[in-house]
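Two complexes come next, and they have one chain in common, subunit A, joined by subunit B in the first and subunit C in the second.
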Partner chain A sequence: MAAALAVSPTRMELMKLRKRVGLAQRGHDLLKEKMDALVMEFFEVLRRIQDSRAKALEQLSKAHRALSNCFAVMGTLETMQAARETKRELQLEISTRFIMGITVPAVEVGEVERNAVARGYSLHMTSSELDEASREFERALKLLVELAELEASAFAIAKELEKTKRRVNALEYILIPRLRGALKFIMMRLDEMERENFTRLKRIKAILEERG
Partner chain B sequence: MERIIKLELGRLNVHLPERRISLREALSSPKPSVRTRDGSTHFFKREELESLSKLLPETDWDKLQLPILIALDPKLGRGAARISGEPEARVAGKILNKRAAGELLIYRPEVAALRRELPTTTQYLFM
Partner chain C sequence: MSYRVAVIGDLDTTTGMALAGATYAHVHATKDETLAKLKEFLASDEIGLILLTHRVAEELGFEFRQAMRAKRLLPLVLRIPDKTGYTPKVDELREVIRRTVGAEIMVKKEGE
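Coming up: the complex of A and B.
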């Protein structure tokens, strides 16, 4: 153990090692707190992802049903033509929020649902089924943006969690035991040296008494 | 390894703001945000600010400092956290249905519940 850290058995080294153990222990405790908090955040985001994904899937299936109706009423080519004419823009505000130093995206979606005029396709050539399908897809888009935000957050948290866990384990299973081993070695060596000294002094005293 | 520990310890609180802002300031700002120690910007969600404003009388809006800090201190024991400051503790207490007097001590499930309610207006502080 001590050889791995190459320590010399002196009192100075003992004091230095005690400081290092203290720092490593403090780092370990704090990183473990961080890890616990990250796990908590991660599970919370996962729970929200589940809810959000279920909602998005339900909305998408509604939208596809509405699109099928639209194909049936208007015809495929006409629907595709109207889709090409539609304005493709979405107001998004992407900022960041922090969870313990991890940057996670925060997306605020503006008004996604538009009226038929704002969508940009010709009104007298299309049926109300197209409006219905568009509305359902716009609703789905809002939910998908929210889902994307959550998935990006989960990914960032998971990466940080992995890094923190590796550090906590390195401290817990490698560095701290190694430092404690070196500490124990120095203490035992110092005790041994004290005993040797004591025996030597006793021997000298005995020799001096024999001579006297 | 020690260099890494020191670096990690130094990095633990970089997400905290250089200066906290009051609830009134946040509510009156068009883009409520604070500048963090690492120079980036942390934004508050307006709906959270509005729900906070409903929990406190208007006279206390200047006293409530944002973000609310959830202090994780290993001395308190694993999973325990402290919320300091009278209005901050009162708000957290109302959300968690706990009585708070100046300072509030909360535990892991409560921390999770508080973060669920206020994801952008609360931050972790590592002591």
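Coming up: the complex of A and C.
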């Protein structure tokens, strides 16, 4: 591993490497903290998704039942005609929010439920089943909008989490061991040089004493 | 900014959502047509939410996933069950969790 990092065994290099290890370690710690925070955020969103999804899907199936009733009572073509006549101008207010530097959508929806007059289909041509179906679908849509916001947040957080995790792992398992390996190599080399020098001096001293 | 809602799905879903006030609707018939429509919806600046039935999403398959990866933050895309309540067995979100966080989450989810 250490071989991958070509360094010359000097004191200068040793000091530089120590600094780099320190920096990498600090970066690693910070990223790890970020990851923990993200995981907590992720779970919070997941919990909310579970509730929200259960509610939304239940309402949606209720809405479909109401619509089937309406098809049966009023006739399919008439219902579709009414759907064409309906005012279709639901507005969503979508802005973005930041969680730990990730952009997630924040959706605000006004009152989705309308009264029968505001819907825009002709009242004397349609039955109350249609009103019922519309109301159920409006409720379902409101819940679905909330669910969509949560799911989009979850996916955004998951994406960021994946990225952060990769960075943490790269630091932890590749960069830091490599730097430490290089550090160790230099230290051993310096020690070795020290020892060589020591024996060299001893030898010179012995030779000098022989002469003198 | 205010946005509109778009729906892609079978006749029942689109009719119902139209009654609820969704502005754009497309009834799924052929894959190519639906895909073109989906791209159009995705490219639109006016649309903030696209509702899509699971069945259609599955039929579009790879192209749908590709479009999801390529899309910006908006519009949001949500897959919903159709009138038969059909949802795929593999939950996409659960898949994402397994990939990002690891196996320990599954254990926790089972316990909940």
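FYI, the second predicted complex is superposed on the first by the 210 of 212 C-alpha atoms of A that agree within 3 Å, B and C clash if a C-alpha of one lies under 4 Å from a C-alpha of the other, contacts with A are read in each partner's own complex, and residues count from 1 in each chain.
Methods note: a contact is a pair of C-beta atoms (placed from the backbone, for glycine too) under 8 Å apart; a residue touches a chain by one contact, two chains touch by 3 or more.
All values reported here derive from a predicted model rather than from experimental measurement.
Placing subunit B and subunit C on a common subunit A by superposition gives a fit, with no clash between them. Using the contact criterion defined above for the overlaid structures, shared-chain residue A:96 touches subunit B and also reaches subunit C.
Put simply, more of the residues of subunit A are touched by C, taking subunit B and subunit C as the two choices. In the superposed pair of complexes, A:49 makes contact with subunit C only, with no contact to subunit B. In the superposition on chain A, contact is made by A:68 with subunit C only, not with subunit B.
Of the two partner chains placed around the shared chain by superposition, subunit C is the only one that A:158 touches, whereas subunit B remains out of contact.
Shared-chain residue A:143: touches no atom of subunit B or subunit C.
Contact with subunit B, but none with subunit C, is seen for A:26 once the two complexes are overlaid on the shared chain.
In the superposed model, A:183 makes contact with neither subunit B nor subunit C.
With both structures placed on the common chain, the touch criterion links A:83 to subunit C but leaves subunit B unconnected. Between the Cα centres of subunit B and subunit C, as seen from that of subunit A, there is an angle of 120°, stated in steps of 10.
Shared-chain residue A:168: touches no atom of subunit B or subunit C.
Taking all C-alpha atoms of subunit B against all those of subunit C in the superposed arrangement, the shortest distance found is 12 Å.
Overlap of the subunit B and subunit C contact sets on subunit A: residues 95-96, 103. The part of subunit A that touches subunit C in the complex is made up of residues 39, 42, 46, 49-50, 57, 60-61, 63-64, 67-68, 79-80, 82-84, 86-96, 103, 105, 107, 112, 114, 119, 130, 133-134, 137-138, 140-141, 144-145, 147-149, 151-152, 154-156, 158, 161-162, 165.
Every residue of subunit C that touches subunit A in the complex is listed here, in rising order: 1-5, 11-12, 15-23, 48-49, 51, 73-74, 76-78, 80-83, 85, 87, 93, 96-97, 99-101, 112. Contact residues on subunit B toward subunit A in their complex (touch as defined above): 1-2, 4-6, 8-9, 11-15, 33, 36, 38, 40-43, 45, 72, 74, 78-79, 108, 111-112, 115-116, 119-120, 123-124, 126. Those residues of subunit A that touch subunit B in the shared complex are 20, 23-24, 26-27, 29-34, 36-37, 40-41, 44, 95-103, 106, 108, 167, 170-171, 175.
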